[in-house]
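Dropping the structure in here first, questions after.
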Amino acid sequence: MIRVEDLHKHFGGFRAVDGASMTIEKGSITGLIGPNGAGKTTLFNVIAGVLKPTSGRVFMGDEDVTGLPPHELFHKGLLRTFQLAHEFSSMTVRENLMMVPGKQTGETIVNTWFRRGQIDREEEALRKRADEVLDFLTIRHLTHEKAGNLSGGQKKLLELGRTMMVDANIVFLDEVGAGVNRTLLGTISDAIIRLNKERGYTFCVIEHDMDFIGKLCDPVIVMAEGKVLAQGSAEGIMQNEQVIEAYLGRGLKNKEMIGA
Amino acid sequence: MSTNRQAESSNPWRAPILFAILAILFILEGSWRSAMFSGSWNTSLAILNMGLISAITALGVNMQWGYAGLFNVGVVGFLALGGLAPVLVSLPPVDGGWSSGGLRVLTALVVGLGTLGLAVTLWQRLRRGWVRGLAVTGALIAGFVLYRNIFDPAVIAIEANQSAQYGNLGGLGWPVLISWPVGGLFAAAAAWGVGKVALGLRSDYLAIATLGIGEIIVAVLKNEEWLARGVKNITSIPRPVPYEIALQQNPEFQTAAANWGFPLAEASGIWVKLCYMSLFLVVLLSIILLAELALKSPWGRMMRAIRDNETAAEAMGKDVTGRHLQVFVIGSAVIGIAGAMMITLDGLMAPTGYNPLRYTFLIWVMVIVGGSGNNWGAVLGAILIWFLWIKVEVWGPSLIGVLVTPLPEGGLKEHLLDSAAHMRFIAMGLVLLLVLRFSPRGLVPER
Amino acid sequence: MDILNALVAFLNFVFIPAATYGAQLALGALGVTLIYGILRFSNFAHGDTMAFGTAITIIVTWGLQSLGISLGPLPTALLALPVGIAGTAAVVLLTDRTVYRFYRAQRAAPIILVMASVGVMFLMNGFTRLLIGVDEQRFADGARFVINVRDFREWSGLTEGLALKTTQALTLVVVVVVVWALFWFLNRTKSGKAMRAYSDNEDLALLSGVDPERVVRLTWIIAAALMTIAGVLYGLDKSFKAFNYFQILLPIFAAAIVGGLGNPLGAIAGGFVVAFSEVAITYPWLKIAGYLFPDWQPDGLLQLLSTEYKFAVSFVILIIVLLFKPTGLFSGKSV
Amino acid sequence: MSDSDADKAFGKRGNRDASIVNPRPPGTVDGTRKSGPTGPGRAGDPFLIGDGMTGGYGRGPDILHDCTIAVEKGEIAVIVGPNGAGKSTAMKAIFGMLDLRQGSVRLNGRDITALNPQDRVKAGMGFVPQVNNIFPSMTVEENLEMGAFIRDDDIRETLQQVYELFPAVADKRKQAAGELSGGQRQQVAVSRALMTRPDLLMLDEPTAGVSPIVMDELFDRIIAIARGGLPVLMVEQNAQQAMMIADKAYVLVQGRNAHTGTGKELMANDEVRRTFLGG
Amino acid sequence: EDIKLAASLGFTGALESLAPDMLGGAELAAKEVTDSGNLLDGSTVEIVQSDSTCTDAAAAVSALERVVAEGIKGIVGGMCSGETIASLENVAVPNGIVMISPSATSPALSTIEDQGLFFRTSPSDARQGEVMSDIIKSRGIESVALTYTNNDYGKGLADSFQAAYEAAGGTVTINAAHDDGKADYSAEVAALAAAGGDALVVAGYVDQGGSGITRASLDTGAFETFVFPDGMISQALVDNFGTELATSFGQNPAAEGEGRDNYIATAEAAGFDGSSAFSAEAYDAAAMILLAMQAAGSSDPAAYKDKVMEIANEPGEKIMPGELAKGLELLAAGTDIDYVGATAVELVGPGESAGVYREVEFPEGELSVVGFH
């Protein structure tokens, strides 16, 4: 689905992504983990067109999509969420969803003057679809709430909901779990699995919560210092010495001081 | 932040009440002769007419800032460019202007634009490296030399043609109303160029670029005599409405004036101003109608989303730079239309008058005081601030007169009274600060 | 010899004037940038506050002169400067207290602060005129020249002359000293660090025990000092006229933006970029070419564009600078 | 950084033009507020107690409802709860960053309800917020110096201690803090609070977005600090680990105390585990 | 009757420093007339200010509309040509009010459609260019650099001068504009210096860019000889430059004789600077409106507009500044007068001053008149 070849992204002299190559298979839920500063978010941003790579190529299917702007990638079915939620805070939850589909008649300014009828019909259909998504995400009661007033986890659900307003091919999720209550995270992972099964979305997920990764992802790719360190099934990765050394660690050292 | 916004819940009656107060101010100005008001309908309508033009300008700025967060500090430039339209459209052609060098000037302009186009194409086509730099520089220099070689002699020829009275190309002799949309087109074209360079980059670019384009346009108008006589000014631009003198000589009008009970001169002035007012109102209301239709539809939703969070909007498939360019061009076009209307109303094109304090900052004050993002707010702010801008000229000195009464006669009192004219600025500053203090989000806040 | 002549002509007409003007702009831009970095808005009242500070200084200078106090070859205004700074600081603090503080406490959108500063601009504008009137005032005294044209010609035997005015030399020296002092203050002292911290992250500065209102006051005082110094140097070098101080606002903002708003180093660089692009681009190279290539007799003045377009040209230069340095000349580090 | 903080500029609204207003996020606390007087504490108070706190942001609705949080010397107290429960709000309330409508905050035998945050720092409280908890353009060392801002004595010794505690921070001391990765930033943030030599340390989700190995590291440090006598009050979403080290734990739901107990007790409570800890 | 006259001058804006002395002139005339008690059976005259801002035509028009509403019977103003034209076309003509400008000198005003309502007490710049060219030629200077303030005044003057000078065989090495109120003039001076020339013609304003250019040219040694037209000649110029102008010269409209000196003295007594540019012209403008009213026996502009030319020109008894009372008396008695005033008023063509210019030099740092043209 997505193939990255020898990708480099340098900030000044700093190599945030330093020759990463990987493939994300169609229909998979691929996990992407690695220490802080490994370059995961940067890699996402390059794939999603937010940053231009210093060198290297990104392919979507067989098409070279390197350096395309985000909005064009969107129309090719590549959607992404953000490490910190990027809701449209002054708009209602439903508006947040309704603005997503592209090529709406009413988005052309001349049409808003002369084709009100068609716009109204389209809006009706959109509203229906948005409500379905809200039902799916179990946040229908927040339909008219300003998105800025949602709590952290609900914002993350909304981010996910936006990806459901159109037929996406591949969805990139950046730390959906950080700062989210673990119970709610369960709901989110169920939603991801359903989308994957029912709608055939491909996912690529960054996360530091290994339970979440373990439950959801196969395969898992480990990045460190801008390179791919290891790749394999979740269990395999968690046994990998290098990965434990660089990323997972061996638990608390001060155990004896707990519960004094 | 958000809390303080929610708390100040918007009252649906707020805008109508404020507009009513504004209307009362104008009625007082028209009918009550006193220390505060002149009691002349002519004055009242004159202020109103200019206020309506300011309102249209403010609408344009509001589109750019309120809808899209684009900071345009070159309002004066787009206004001036729009003002060029009545000159080029409605003045009669100058005898011998075109034959002395008109075609050559046009050729030169084509060469100039072609050079820029060529340079851009070279820049895009060639690979990075010193060859590209050299080629582009070479093309630019060659193009510039060629341009100057065609342009300079042509200009000298045109400017030499009856230079005391004309020295310019003149216009097409078409009805002046046509020049309003043309003014919009002029401004839109300039905005497109500026936007292409500056939008999508860091937002400061737009500030510098618009500040620059404002200066450049005004400089061009001042110095390119072949275009609109430069600082020598163009006068007697045709009107879309009757002339007072003609009215005064028209017997029908004379009887009508007598029936209303106004002196003839005054009645003719009022009538002309009412004609202008209707024209301006038609333009203003159409622009508002179109803007509101667009805002209350998916386009408006998209713009709000972009303004709210550009990164996310881009990721949701919205072409942020494209939309910004669109709004910037449309907003500038509206400013351009206002510029053309203003020159029509003045009947005079005097480029030295385009100063940024009056035509950029004051417009900004209007938009922000009115409530950015809200069309009605912009209109209200514009008319109100214009009214005050004119009236503080009277109120300022009376204020100082009141303030100094307790002072003993002498140097200080003298000095203060002599400086009364500067009270205009002090009064304006005070008014502005007070309005901002009591409605920090503008008089009619967005939604 | 001819090369020397060319060089002297260039120094005399382009380099020295542009450097002086650039230094004046740099000081102004420094103040704008400081307020932008710490108080988070562009202060449109900057130019008129400069005028106000200068007006106070001039009045004190007159007082000193009438008492017969002078500084020998240096302008007496330097003695009056501290009073001017103190007066300006007092006024600026008063405006902060009565105007800006309200919006700060309200956490109002910053554009509101910008517009409030327009209001303050009008007020300052009016008060300056009430204080000193609208007329042009010259208050430079002391020796006018460090080197003047005639002496230089005699001394060097060149055809071209070179002049360096006391005020020009003074401007350059003062700018270096002020900039050094400012950087030392910001980077080395506790208060300076508190200011940088506040600019970086207001809430966290508060959580570290920084008193935000103290930082704000300090910022205004430093800004007032910068404004007054810039205004007085400018007034000494050219002359004082209230209206011109509004006009200088535009180039000051241009300088601050090109340098990368919020960045002091950038403000300085920006000032010089603006000044040099104004002066150098419209310079007719005829004379210098005449020295360098005595046989070449071009018919024009070898002037790229006429001086009417100097401001416009300088903007084009600024845009080009930005195209190559998209974050301003010095991005990243900020106040 | 690239896609996170940049667009918060105007309270998450548009009009973010950098040429007239500074796009860095503005503060959220009213720095102009003056402190009121402090009062006496109550007999039998714990070292710190936020007692029966009720309040919300600005003129908005109450977020906290009669919420009580306390911590004793040498202990770790942990606050958990669903998103939006008011955990961060409770921390801010204790720190004086929002006006309480009811209830009081008492520290070390004094009632400090009327103090503003600056003065609470002087009273010995150290706080690491959930987000924006470093000075990005200042070097790591300057960040630490800012931590010691209220101190007039020689800070070199404390600096040395902190560097020993966090070697990763010591390595980067000359680098701008904004250039560090997420985990390193969290360590800098905690170090900064320690530089104050506080009598109490408050941490809001110090481990969010931090890799497992760094999280363990952080928890290790926190345990060490607490056992050194400095009471620690923290909010955590990594509830399972947090409960393990907690001497006392509060579950907040919709601004109210829902459950209180030792970490072990709450872990043992099935309902709490299922609904709040994701067990 | 209580007669109101408007003074439509730029009290704020680019030329705000000239306005107070011009207003002083107009008020002096009004006071003189009121005090005499001779005008139309003891009418009093009041001057109401209207801020024309000099540059903002729209604001000028609005402000003037306002005072028209107060019932003014005549306008002294406008100040700058651009704004004057707008006020004339939009206010004076439609309302049929007489307008006498003391200072708008653009040649365009000579040909404007004014319904006989517009006059000016200053000459058109077309004439000054010729005079200046003659003076320069007569001093044997064959090449000059030329800089002008970038408005209709500066441009018009520069063009007419260049045409006259080149026709007489002189060379203008550069003809460059400078904008007033700019922060810095280094670029302009650099350009002028590079172009060279035996003298620099500064067609600017003394308290605006003109002085800035002169100052910088002197300091850098770019020029030593300057030629100053009317916008520059004033006491301020001498104060600013003193002995540095030893080889410079210039001309400005000012008639021979004691009229001007009288006026300056009276002005000083009244507390303002009568030698300031266009102050005397403003006095004359106001005086002429009032004299014309007296001649017509009515303050109605429609009636007195035709009298303006009559009282201004021969034949008749000469009236000097300070003698308005006498003039009014004579007119009341039906005697013809020829108003000379402070500027030796002589209206020609469409009602503008014919223009007598005095040639001045600055030896020993003093302004001295060397002849008249």
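Order as written gives the chain letters A, B, C, D and E; numbering starts at 1 within each chain.
By our rule, a residue touches a chain if its C-beta (ideal position, glycine included) is under 8 Å from a C-beta of that chain, and two chains touch if they have at least 3 such contacts.
These figures come from a predicted structure and were not determined experimentally.
Contact with chain C and chain E alike is made by B.
Chains touching both chain A and chain C: B, D. C-beta contact counts were set side by side for A-B and A-D; A-D has more. The most distant chain from chain A, with centres taken as the mean of CA atoms, is E.
Comparing mean CA positions across the assembly, the chain most remote from chain D is E. Note on chain placement: the centre of chain B and the centre of chain E lie 32 Å apart, centres being C-alpha means. In this assembly, the C-alpha centroid of chain A lies 74 Å from the C-alpha centroid of chain E. For the pair chain D and chain E, the distance between mean C-alpha positions equals 74 Å. Multi-chain contact residues of chain A (touching two or more other chains) are listed as 50, 82, 86, 89-90, 148.
For chain C, the set of residues touching two or more other chains reads 107, 109, 111, 114, 133-134, 257, 261, 306, 308, 311. Counting partner chains per residue, chain E has residues 16, 20, 150, 177 touching two or more of them. Those residues of chain C that touch chain D in the shared complex are 36-37, 40-42, 101, 104-105, 107, 109-111, 113-114, 190, 193-194, 196-197, 199-213, 216, 257, 261-262, 332-334. Listing the residues of chain E that touch chain C in their complex gives 13-14, 16-17, 20, 150, 174, 176-179, 181-184, 186-191, 193-196, 207, 211-212, 215-216, 219-222, 236, 240.
Remark: chain B residues 1, 4, 197-198, 201-202, 204-205, 207-209, 211-213, 215-216, 219-220, 222-223, 356-357, 361, 364-365, 368-369, 372, 415-416, 419, 422-426, 428-430, 432-433, 436-437, 440-441 touch chain C in the complex. Contacts from chain D toward chain C in the complex involve residues 10-11, 13, 15, 18-22, 24, 26-33, 95, 97, 117-118, 121-122, 127, 129, 132-138, 142, 145-147, 149-150, 176, 192, 196.
Remark: chain B residues 2, 290, 293-294, 297-302, 304-305, 308-309, 311-320, 326, 330 touch chain A in the complex.
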